[in-house]
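What follows is a group of structures, each given as structure tokens.
Heads up, the next two complexes both have chain A, just with different partners, chain B and then chain C.
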Partner chain A sequence: MSTVPGVPPVAGGHAARVAPGRVTVRPRTRRALSWLDRDTPFQYQLILLPALVMLLFEILPIVHGIVISFTSFTIWNPEGGFAGFRNYVRVLENPLFYRYALPNTFIFLGLAVGIEVSLGLGVAVLINRRFPGQRIVKTLLILPLLVAPVVAGLMFYWMFHAEFGLVNQLLASLGLPGVLWFNRPATAFGVIILADVWTWTPWFILIIYAGLQSLPPEPFEAARIDGAGPWSTFRLITVPLLYPVLSIVVLIRSFDAFRVFDIVWTMTGGGPGNATETFGTFVYRIGYLTVNWSEGAAAAMVGAVMIMVVGILVYGTFARVVWGKQES
Partner chain B sequence: MTNLDRRTFLATLGAGVAGTAALGALPATAQGKALTVAYMPHPILNSQIEWMRKGATQTGVDIDAPAIAYVDYVQAMTAQFLGPRNRYQIIWNNDDWGQLFGPFLDPLDEVKQAWAEDRAWMMRWSGKPTAAPAVLTAGVTFYRKDLVAENELPKTFDEMVEAAKKAQAKGVKWGIMGGSGFPHLWFTLLWSLWSNNADLFKPFGARSWQQLERGGWTPGVTEKEFVDTVTWWWDAIHTHKIAPPAIASGASRTDTDAMFMNGDVAFAFQDSTLLQTYRNKEKSKVADNVGFTGFPTGPHNKKGRMGWADNWSWSVPKNNPADTKKKAKQLLNWLASNKDAQKEVWTKVGGIPSSVEVQKELIRTDPEYKRLHELTVGAPQAMHSAYYWPLWPEIHSLTSKAFTQALTGPKEKIFEVMTALARDFKLRAPVPAR
Partner chain C sequence: MKTRRRWGNAFLVALIYVVTLAFLFPVLYLALTAFRPPKDVFSVLGAGLSFSFANFRDALGWQGVRITEAFVNSAIIATTSTVLSLVVTLPSGFMLARYRNRLARSWFFVIYIVRTIPYISWLLPLFLLSQRFGFHDTYTGIIAAQAAFHITFYSWIFKGFFEGTSKELEEAALVDGCARWGAFVRISVPLAIPGIMAAGILGWIWGWNELLLVLFLTSDHIPMYSKTISTFITEMGVEWGRMAATGVMAMLPAVIVTAFCHRYIVAGLGGLHRR
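Presenting the complex of A and B:
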């Protein structure tokens, strides 16, 4: 029971265990502390800390980013000052943004994620059966996931280097001429996508394989009894049952692909010229290379809005397909 | 879980997080008597850090020097200047950043000014010096002595093409090589521009914003001299095939080092601070045959051979406690006054010491240094290698992109690419409006 007048008794709380006459804690502090003991579900108390961390390290920086995107805050003008929509106008009218960064990002997103999900699905289906050395194969398949994208970028840069690259040496040993991989927009972009596919396909394999393992056996048995072949089973049963998993992996990876930076930066720096500039390198260039944080923040906000729209479209499409199938 | 367990658990967790946060917020100096130095790994800075450690022993402090990658350096410094945590007490600073970092640095009146003012004026803020130069980094043309005789060293662009072809005829894969991607443009386009009476902005050679405004600045990238210089590079790659196409895809200075030390190039445009690395037998296949000369001049050149040599310095961030700043300045004063540390800039690395006194001594005693000095600091046309206003990195980056775009496209489109660059300059350059 509470020993402080005016404070309601707290059943089973800290205050209830304090002996009468020994209370030195102020009522407000005691009330706050008692939140730890009372009937508040433990999960809320556990969430408190991550929520605080999220607030401090995610929500506040985003809010800060929004605020500075409306100022003229740069290293040479740290006092800033209200700039209205000037930074947004500068971003939107920058040819590097609308002529290169934006189209390249969507091409990269479409190609990289498309290839990765297709390969991931194919390989996951292949390893979802018993065969000798299955464990070793599965372990080897996920090894690229252990390589940081920036390291993968450097690896591919040196592999495709015009002078020292392994690939050109291989071509030379076959009597073929070397290719200047990073001198032409198409080949430079191709190598970037290849590096991304190498890095991220194992992630698709892993998640889709887990999805395959959790599928109910009954539809497959029914299909077998009905005489369905492997392709029909895959197309009409496996893939529809995997839609929820596929929608999530495509969504998460699309967000990630939209902000691709490290692989591009380490391999081409956005070049030759502006040919492989993506949204991530564009924001970095504006915000960090030129130390113009306000404009960089405005660019990041433009990107955030775009990726939200993309996310809604992708999720909406999948939701329609998934729910549509389930209803039918 | 009982109430008591729950409370203990949450309280311990909370205390742990608060403790970690408090520890992280402690300035480095409070954790010991260390001065933390921000630098990037480079032979010249490594040598300087070694000397700092020697000096620190005498002044009773420790040196903590976590290396920072070049690409992250400016970001790390902006966090130092504007963030709540003053992590570094001494920072590497160079001429490019003099005006960018200036407002955040403590004046260094107490440090002995051993350097020449004409190489350090851009390191002043509100009239006071904010940096102590340690070395002048200067561009040179390295060459293979076994392929090119000293009396055949090229003095003009045309002679360079011929010398490169001759060397290739002797079996070396490429004639010339240099960095072209951002931020390595000094080692291809920039030196050749300045050697050919061309510049990014007109008036030619103006470097501060005031100088440009006084001269009624315009982009210089569509001028005949500029376009001709880019065309010379295009021909070097595509017509004469003396330069590797890697230059057109934005090669870095590391590519140059790798190719030169592997014996694949006759002439490499680099910083003289790579001299002793190139002569290191453990790293270089051509260690015994490394020579250097100046840059060749282009057909439009009017003032003779061009040389650039600009400072790399040390500075003390303003947002440090007074006693720490005092210790940092004492150490920098010791370093700037130490003749042996300055001599090692040349003997161990290949750079030009910033100390005028040491320069004079080396000119008297070391013929090879004398030659380097004459080719760079003492060149008939001495240039500063950057623009000294905050948007220089953006201009540098835009130029690098346009250069690689011009080199990867058809020759007849070079002027078109440069016209687009001029438009970008007009849009992005005007500092006062931004």
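Presenting the complex of A and C:
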């Protein structure tokens, strides 16, 4: 794995070495680079163990998954046998997959991440000031982040319980009819998104807040002197300066939102009907519960390929922010 | 002008408190449910000051649910897999922090790609492999898989922490005749202890919270609480007192960490997050 195709040069110094177009490197820089650029045996020793564990428990299973996705391996047919693309065709022709699982996953991803990043940015800006109880507030906001998604699911199900839930009790006290939250596709989906927003917004708050703290004060002073109001300062200075942080949190969280499972499984199990089926619950249902192993593996690979393509496309942004931060 | 500013400020501070309360509310409501006597569980707000531990006692003695065993198992597995993963992954983070050459870039890319792939994509085949090679529903299987699973997250965190520690001390140790591994173990690792704490605490919590891996790799032999809770709504639908009590006990580590280790959490998340 010495060369990785499609990796853009990330740190300034390497650009000179990797991109053939640029050849104006001063001799001193080149000498320093040649020392840094050499792979050392010590490096291989450092990553030997983690690479081995990763190979055994993540890469090998994926390869195995690819292999069995091309066989007809089920509990009734443990011998398998080559099946070509039949499993893939069956997955892609399954309405549960293209009508429910995939659209739901992307709608969930867009809505949840969109709400989380907006809310996170808003609250981060809000708490980025001196106010009484600052430390307590910052501490308390961590809690949802550490609560298990299954517990969050339990909590929100309980609040939206049709008969005994707090929300319907409040509606009743206002004289309004209760809503069967988990019996309707739209409201069930809404509660799932609410539970996810509750869990993950604090993560956005914390990281964006840390980003705000590390911004240089000069642009803000200049804006103040020029008489910019709070909104234009926010829009023209804060957001552009935060852009690297924002892009990274949105990227990472989007990859995670694609595999949402715990909250959906705990609250609705994909129901009512198939209305809240997502990629994760679909693979679990097909591949594990109904023991269509090969078909499940094929579905899993479809998702993996989709994410890998997106992942490689956005790698440049990711690497520039996370990698290029510190030049050594 | 000045009074208007002050009122505006007071409004913003009040808004902060409202938002914070909104985030705490679901936890408080579940806790209130759990501490009500079983007969008041369905009128949580209307039960005045009657509290009891009965739901917790009932939950721990729940016939057929094995909740105590499940909590013990979850704790054992979260702890061992965290320690294992810390030891395995520290050098990887160090490598990413200290080197910028081709191998470092490739390793960074591999970690990134493995991290982005939905993990159900390797869990389903891993489940099949675990059955074939006999580590399904064993401690070894779930601990190793859990540890492997943390490698990407830990590598990112440790990269951040090692970048913050001094390189000069390592170089001095090397000049004094320390071997590379000696310098790493004796100089670099101790300097990164706050980072190790942060990663360890977060990793433990996420190991404790893990569901999908548990669903795939364990069965009746190793009950774990996350799996138990995930079946509550469909299978135990009416036992809300016990279910709330179990949920509150499951949240206990999160509450403790929030109360006592929040500084580590903030530091750990600064180095980019999870799974």
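Please note the rule applied: the second predicted complex is superposed on the first by the 264 of 328 C-alpha atoms of A that agree within 3 Å, B and C clash if a C-alpha of one lies under 4 Å from a C-alpha of the other, contacts with A are read in each partner's own complex, and residues count from 1 in each chain.
Definition applied: contacts are C-beta pairs under 8 Å (C-beta built on N, C-alpha and C of every residue); 3 or more make two chains touch, one makes a residue touch a chain.
None of the values given here were measured: they were computed from a predicted structure.
Novice: Contact-wise, after the overlay, does A:I192 reach chain B, chain C, both or neither (first, second, both, neither)?
Specialist: neither
Novice: Check the residue A:P132 against both partner chains and state whether it touches chain B (first), chain C (second), both, or neither.
Specialist: Second partner only, chain C.
Novice: Of the two partner chains, chain B (first) and chain C (second), which one does A:T74 touch, if any: first, second, both, or neither?
Specialist: A:T74 sits against chain B, while chain C stays out of touch.
Novice: When the two structures are overlaid on chain A, which partner does A:Y44 contact: first (chain B), second (chain C), both, or neither?
Specialist: After superposition on chain A, A:Y44 lies in contact with chain C alone.
Novice: Does chain B (first) or chain C (second) touch A:L242, or do both, or does neither?
Specialist: The answer is neither, since A:L242 touches no partner chain.
Novice: Looking at the overlay, what does A:V291 touch: chain B (first), chain C (second), both, or neither?
Specialist: first
Novice: For A:P144 in the superposed arrangement: first (chain B), second (chain C), both or neither?
Specialist: second
Novice: Is A:F164 contacted by the first partner chain B, the second partner chain C, both or neither?
Specialist: The answer is both, since A:F164 touches chain B and chain C.
Novice: Look at A:G273 in the shared chain and tell me whether it touches chain B only, chain C only, both, or neither; answer first, second, both or neither.
Specialist: First partner only.
Novice: Chain A residues in contact: does chain B have more, or chain C?
Specialist: C
Novice: Using the superposition described at the top, list the residues of chain A that contact chain B and also contact chain C.
Specialist: In chain A, residues 13-14, 36-37, 42, 45, 49, 161, 164, 269, 288 are touched by chain B and also by chain C.
Novice: Where on chain C does chain A make contact in their complex?
Specialist: 12-13, 15-17, 19-20, 23-24, 26-27, 29-30, 33, 41-42, 44-45, 88-89, 91-92, 94-95, 98-110, 112-129, 144-145, 147-149, 151-152, 155-156, 163, 167, 180-181, 184, 205, 208-209, 211-212, 215-216, 226, 229-230, 232-234, 240, 243-244, 247, 250-251, 253-255, 257-259, 262, 265-266, 269-270, 272-275
Novice: Sort out for me which residues of chain A touch chain B in the complex.
Specialist: So the residues of chain A touching chain B come out as 12-14, 36-37, 42, 45, 49, 72, 74-76, 78, 95, 161-164, 180, 182-184, 188, 268-275, 285, 288-292.
Novice: Under the touch definition given earlier, write down the residues of chain A that touch chain C in their complex.
Specialist: Touching chain C from chain A are residues 1-4, 7, 10-11, 13-14, 36-40, 42-47, 49-51, 53-54, 56-62, 64-65, 68, 73, 123, 126-127, 129, 131-133, 137-159, 161, 164, 166, 169, 198, 201-203, 206-207, 210, 248, 252, 255-256, 258-259, 261-262, 265-267, 269, 279-280, 283-284, 287-288, 293, 296-297, 300-301, 303-304, 307-308, 310-312, 315, 318-319, 322-323, 325-328.
Novice: Name, in rising order, each residue of chain B that touches chain A in their complex.
Specialist: 1, 3, 6-7, 10-11, 13-14, 17, 74-75, 78, 81-82, 99-100, 103, 181-182, 244-246, 248-250, 255, 258-259, 262, 264, 390-391, 393-394, 397, 401-402, 404-405, 407-409, 417, 424, 431, 434
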